[in-house]
Each structure stands twice: as structure tokens, then as C-alpha cells.
Amino acid sequence: MIVTAALLMGVTLIAASLLRPKKPSKTKLDTYECGMETVGDTWVQFRSQYYIFALVFVLFDVEAVLLFPFAVAFNSVPLFAVLETAVFVLLLLAGLLYAWRKGVLKWE
Amino acid sequence: MNFLTDLLSLIGDFISNIIHSIFSFSPSIADAIVMGLAAIILCTFAALSFMALTYAERKIVARIQDRVGPNQAGPLGLLQPLADGIKMFTKEDTTPAAADRWVYNLAPLIIAVFALTTYAVLPFAPNVVGTNLNVGVFYVIAIGSGSIIAILMAGWGSNNKYALLGAFRTVSQLVGYEVPMLLNVLPIIMISGSLSLIDIINRQTLANGNAGLPNLLYFPLSAVVFLISGIAETARSPFDLLEAESEIVAGFHVEYSGMKFALFFLGEYVNALAVAFMFCVLFLGGYAGPILPPYIWLLLKAAVVFTIFMWLRGTLPRIRVDQMHDMNWKFFVPVSIIHLLISMVLLKVFTDTPSQLEATGGILVSSGTRMLILFVASALTLLVALGIAARRARMNRLAEEEVLAKRRMENMAAAGA
Amino acid sequence: MNLFANAIHGIPLWWFLVLASALFCIGLYGVLGRKNAIAMLMGVELMLNAVNINLLAFWRYIAPNSATGTAFAAFIFVIAAAEAAVGLGLIISVYRSMQSIDPETLDQLKL
Amino acid sequence: MTLQQLIFLGLAAVIVLAALFVVSTRNLFRAALMLVVSFFGIAGLYVLLDAGFFAVAQVLVYIGAISILIIFGVMLTRGMQGMEPRNTQAVGGAVVAAIIFGVLVLLLGPFHVTINNREFGNIAWNFAKDATGNAPAVADTYIASLGVALVDVNQFALPFELASVMILLVMIGAIWVARERKVAEVQADRRDILAEEREEEASIEAAKAGASSTGVPAVPAAPGLPETAIAHGAGGHGEH
């Protein structure tokens, strides 16, 4: 089934490693910061805003695992089930609106 | 005529028969070899289309900007991609001394591999598909999200704070735009009742008593949102604000050079083409079309969609980072959810097959009427949402201008005093 | 193309169960033996995956025509995501106010 | 040995080795990457189990979402890299895990263990006599039947709705916890905690000093007891 996919990967892996040229590299391996000397560690304190975006994304992502089977079965479920799913989706929307209200979706 | 239509699958059968007759002692080995060959052909196709696309894009964007574009290498600059390739091959490949070597070297590889694996499920003609997974759409979206890891690897492996910051920002863009993609694929799955790309295409043809109406006519809102989030998902202009080569050094791939950089580039283009193909399959009926053979139809449609990408790239200015996030979380996602709700209920209430009516009830209408109802609902949602968004944007701008005017007055007063 | 017509051909059920229990125990060691909250969270993820392997293996071998196994597996996905989201949120919050993510230094009831 | 068995063994080796790397390395970012490798192997197992939908869901949710969350967490708390203290529980944890693994293998593996005439093990066989790799084929419609079951009132409709309620609560809770608070607010909180701790330490010190200056030796029967008792009596930090 997904053997083809695996093979594709293998082929690309081999091809790409064959393609790579092996040139000797000089001592220009410094970190590139527009030609400036690197100041300080790579240690930068990141803001948790990134985390919150990822968090909202994860929760919308897992909802897909439940909604996709429902969508496949859509033709054989009664109207009531559709309303159930509507409630499901509305709760998600409520979560999004909460995040919006809290102002965490605002990029500063 | 029939020969032309099935040309690809005939060639495939021919090759597969030859291999089977050579390895007649073991059918499974022959199968494996055939699959390997198919994989190699798909990879080659993707790589060749990458070369062709870079040339086409440079030419077309040049025309839009009133330039000539590549014209030195070969006639009309046709050999330009080849020259670029040779340049990339012979460029020195540096690895920063402080880099996390394994992570750094694996990242471009993984991006390219993930981009190429998408092609395994794309149907080029009725019988020409790498593998007809029964979870095709889901597979394509999941593979797309898998490459995000590679971006984080590149950012971390470079051991460069700008690369890491760039990776963080790129990832927060990519994950964001995946949500509207998921939400807008759902109505199409509902109407097709399957995740397989072949079934989704069949739903849009005249096969099995279907109406032959492309999904674009059912869900125009989904089509628009899917297309735009697809562009954002592949980080193409106008969404390339995180690797804007004319403004900042680059995003997560500052430290990469030579062939590794080329692999990132390849991943980007191959992904963009995959989005174009997916748009064709989901909304434009894939390979379906009269007279011309199916694969020609698919390529034509994909070319049209990709031209739209290039057009947008040549026309629109880059958007700001806060606009990019607002557009996704405060416009696309809520609008897609509301659209999903509306189309879910309408699809259930109005059915166009008698058996469906018996099974789950509803109102029986003709396929055309059903399409019209859904089209009107979807388009209305789009228009209303656009109206509200435009109103809000205007209010915000007015408020901003007021603040600016007030500040200007104060400044003048201060200067006068 | 029928290489995978019956993909589990020749694999006994207990192979899956033993693999899942190995994964579960590795995850358990990750939870018990580490002093870093994120590493512990990774251990929990491994354990949840082990559970999912078990659910799907039993579904495949014993009741492939019922949806119970798959439904449970789907819910496990949701739960794993929720757990990771809340857990990491807490860890980040704790780190921000305590500058440490060693669970044993957290002896205050308030951050 | 069939091809499927070989694939299974290969995947199992990848999964277990990657998982061992995850729990043993001190470089958290690499641990997260190996976690991804492990997840990928598990996706392969799902393909082997004819559950393609879950293989893809594994890639989408675990690799595409949860690992990204974990990597973000690793990077946001990067001050902790390599500063993990040695855990005294590590050996104990390993022993506990090994014992549990042994018991599970005895119970689930193909062994006949009889204790007091009661047969243990072979659960796999007791559940399904023919669970040796020739199970009936999975219907192509398993995704659709999962979808029907999820919204069927008699099956999983309630958990389905509860899942969405849980997602909503998680979103609210996690945003509340992880949101960026104003600097002043955080500092005030931290000052409170520090002050409390200092007070506590001071009271303990005072109690110790008091105990040693009066020259009364600690009660030999319970060496740890007096200090804490005095601290509690003198410190007056009862309100926590």
C-alpha cells in the first residue's frame, strides 16, 4: 500500500546523497549574522505567543481525526447526527472566540 | 482516440508485463520492481516539473514586471534551469562549525522527501495513480504537515539565532494555515463520501449517475480559502514574508548553501505544484474533461492554477506578519467553520438521490437545484464575511488615522509654542 | 500490487502486544526516571502510543468489523493532544515563574 | 519468515531503539526528534494493521502537531538544557519498568505459566483462538463505519460530544495558563514566593540557632523531629 511511498523516500534519499558534491570547506564556517561576529549564545528567550498559536492549531488538528470519519459517513447518517456535529463544531468555534477575546491571537 | 486516452496506463501495463515476464518466477518481486519504477518515474516527473516551473515562473513574473527574464542560456533562456542546476551542484557546501551536524544535514533531505511523497497518491488518469489510498486527501494534508518538523530541524541545526527565530515564525505560519485547509476539505469529503482522490474525482464526473458538476460550483468559499491557504502553506509570495530575500537575509535556511539549499527550493516548488494539483482534484474535477485525454486535462488545469500563483506573486505586495495571522485566525478559520456548518445542514436537508431520501430523509431536489442552493449559500457566506471584514478594517483604519491626526495636531501645537 | 492484501499475514497477535508493552515500559521508565518535566511528558506520549497499538491490534485481530477499537483509538488521539497541550502549557508557565522545570522544585501551591 | 514479519521486526526495532534513545538522552531536542522517529514507526505498524486512516492520523496529529508542540516547549524552556540533575529514582524506575515488562510478557506472550493450578498467559489466545495472523480482512468501509459509530446515539455520540467539550476546556485552560502575563504581575507573584521562602528559612535558622545556643542536645530518639517541630512553632507561616 504505502510501499510506494516508502520506496519514493528511499530513492530520493539515495539520489540526494549521490548528488551532493564533496568540496573541501575552508574556515568560513562561522555562524552567518550579516558578517558580524556572533554576539552571545544562540540562547534567546522565545515568547510563549508561538506556543499559543501552536496550541490552538493542535486542538483544531485533532478535531479533524473525529470529523473526517464523520464526513466520510455523512451520506448515511441522519439529520440528528449532523446537528450533533454542528454542536461539536460550534464548541470549537467558541474556543476560538475565547482565544480571540483573550487577545492571544493578536501578533505584536 | 481510445489509445490516446489510455496512453499512460497502456505504457504502464506494457512495462509491467515485460517485467513480469522477466521475473516470472516470483510475481511479488516483479510487483516490487514495478512499484519502484513507478516511484522513480514520479520523482523524475516532480524534479523535471520543478525545473520547468522555475523557468516558467521567472519568465512570467518578468513579463508582469516588464522585464525579459532569463534569455542568455540557450534559445529564449530555455537552458536556464540546467545552468542553475550546474551552479548549485558545483557550489561549495558549507556547514557552520557550531551546527548540530546530523540535524542540519538531514533537514533539507526530509523536506524534499516529504514534498515528493505527496505525488504518490495524485491521480493523473483513471488508471494512472501511484497508489490509490482510501485516505488520499488526509494523506496529502498529513504529509504537508510532516515537513514542518524538518523546518524546525533546519532552524535548530544551524545553531544560528536568526535561523531559529525564522523557523519559529515560519512554523507558526504553516501550522496556522493548515487549519482552514482541513476545514475546507471537509465539505468536499461530505459530498463525495470518501477520502480517496479517485472517488472525489468520480463524484465530479458523469460516472455512476453523478451530475458532472465540479465542486467549485458547490463550495466557492472553500475553493477561495483553500487556494489562498495553499499559497500560504507553501510560503510563496505574497506570504513569503519570513524569507523575503529583498528585505531580510532569509528565514530558517540562512546557513544553507549549494545543493542543500536547492533541496529546500525544490521542496517549495514541488509543494506548490502539489497544492495546484490538489486544487484541481478537489475543486476542478481533476483529470475529468471532454475530448482531450485525461492527463492533458489535469496538466492544463494545474498549469492554469499555477499561473494564478505566479500572477499573485507578480502583482501583490508582501503582507505584514500581523495581517498574515489576523487573516488566518480572525477571518479564514471562523468563516470556514460557519461555512462548514451551513453546508453540512444544507447538504443533509436537500438530497438529490432517491435512495438517500429513503435512508435519511430530507427534501428531494434535482442535482442542479442542489448545486444552486449550495452555491448561493456558500457565495453569500463569502460575501457577508468579506463585507464584515472590510467594515472592520475600515473602522480600524479610521481610528488609526484619527490617532495620527491628533498626534500631528499636538506636535504642531508644541512646535508653535 | 497485492503485496499487502492481508498485511498482517504471518504475524501473531502477541508480537504486537509484546511490542506495545515494551513501548509502555520504556515510557514508564521515562516518566519515573527523568527529572525534567518535558522528558516525562515524552514518556507519557510513548505510553499513550503503546495503548493505541494495543487497541488497534485487538481491533484488527478480533473485531475488524466493529468500530469500537477504532473509535477508542480516535479518542486516544484527542486525549493525547489535550494532555500535551495542557501539560506543556503548565510547564512553560512554571518555567517562566520559577526558571526550573524539575518537578521536585515545585513545592509551592501557587506560581 | 514472511515479508510482513520482516517488516514488523524492522519497524519494532526502529520504534524500540528510538524510544530508548528518547528516555536516555539528555539533549531534549534530539529526544523530541527520536520521538518523531518512533511515532513514524508506529504509523508504519498501523499500515501493517490495515488501519491506514490511523497511520495518516498518526502523522497528522503526533508528528505534525504534538511533536511540534513538544519542540516548542523544549525551545521555550531552553535554559534547562543539560542542567537536569541526576535522578535518584532512575535505577528504581528502570527496575519497576523492567518488572512490569516481564510480567506483561509472561501474560501476553506465548508462554504457559501455571501458578497454583491457575493458568496465566496466553491472553492473546484466550481472546481469539485464531489470532495468529490470519484474521479476517478489514472491510474497506471501516472509516465510514467509524464515522457512523461516532455520531450514533447508541454508541459513541456522548464521548464524541464530550471530546469537543474537552477540546474547548483545554483551549481555555491552556491559554489561561500559558498566556503572557504582565511583567509586574509576575514579579509581584515571585516576590511573594521569595519573601515567603526567606521567611521560612529565617525561621528555621532562628529555631536552629535558638536550639544550639541554649545548649540542649537534640532528642536522641527522634533526630529529625525537633527542628521541624520548633520551626513550625516559631515560624508562624501557617498561611500558605
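Quick notes on this one:
Per-chain numbering from 1; labels A, B, C and D assigned in written order.
Everything that follows uses one rule, which is that a contact is a pair of C-beta atoms (placed from the backbone, for glycine too) under 8 Å apart; a residue touches a chain by one contact, two chains touch by 3 or more.
Since the model is a prediction, treat every value here as computed from it, not as a measurement.
Counting C-beta pairs in contact across B-D and across A-B shows that the higher total falls to A-B. In this view the innermost chain, defined by its CA centroid being closest to the centroid of all protein CA atoms, is A. Computed centre separation for the pair chain B/chain C is 32 angstrom, with centres defined by C-alpha atoms.
Between chain B and chain D the centroid-to-centroid distance comes to 36 Å (mean Cα coordinates, whole Å).
Rounded to whole angstrom units, the spacing between the C-alpha centres of chain A and chain B is 15.
The mean-CA centres of chain A and chain C are about 20 angstrom from one another, to the nearest whole unit. Residues of chain B found to touch two or more other chains are 28, 32, 35, 133, 138, 145, 164, 168, 171, 175, 178, 193, 195. Residue positions of chain C with contacts to 2 or more other chains are 3-4, 7, 74, 77-78, 81-82, 84-85, 88-89, 92, 96.
Chain A has residues 1-3, 46, 48, 50-51, 54-59, 61-66, 68-69, 71-74, 76-77, 85, 89, 92, 96, 99 in contact with two or more other chains. By the touch criterion given at the top, residues 3, 29-30, 33, 36, 52-53, 56-57, 59-60, 63-65, 67-68, 71-72, 75, 140, 143-144 of chain D touch chain B in their complex. If you check the complex, the residues on chain C that touch chain A are 3-4, 7, 74, 77-78, 81-82, 84-85, 88-89, 92, 96.
Touching chain C in their complex are the following residues of chain D: 1-5, 8, 12, 15-16, 19-20, 22-23, 28, 31-32, 35, 38-39, 42, 45-51, 53-54, 57, 61-62, 65-66, 69-70, 72-74, 76-77, 79-80, 84-87, 89-94, 96-98, 100-101, 104-105, 108-110, 123-124, 127-128, 131-139, 142, 145-146, 148-150, 155-156, 159, 163, 166-167, 170-171, 173-175, 177-178, 186, 189-190, 193, 240.
By the touch criterion given at the top, residues 3-19, 21-36, 38-39, 41-43, 45-46, 49, 52-53, 56-62, 64-65, 67-68, 70-71, 73-75, 77-82, 84-86, 88-93, 95-97, 99-102, 108-111 of chain C touch chain D in their complex.
If you check the complex, the residues on chain A that touch chain D are 1-2, 43, 46-52, 54-59, 61-66, 68-74, 76-77, 80-81, 84-85, 87-89, 91-92, 94-96, 98-99, 102, 104.
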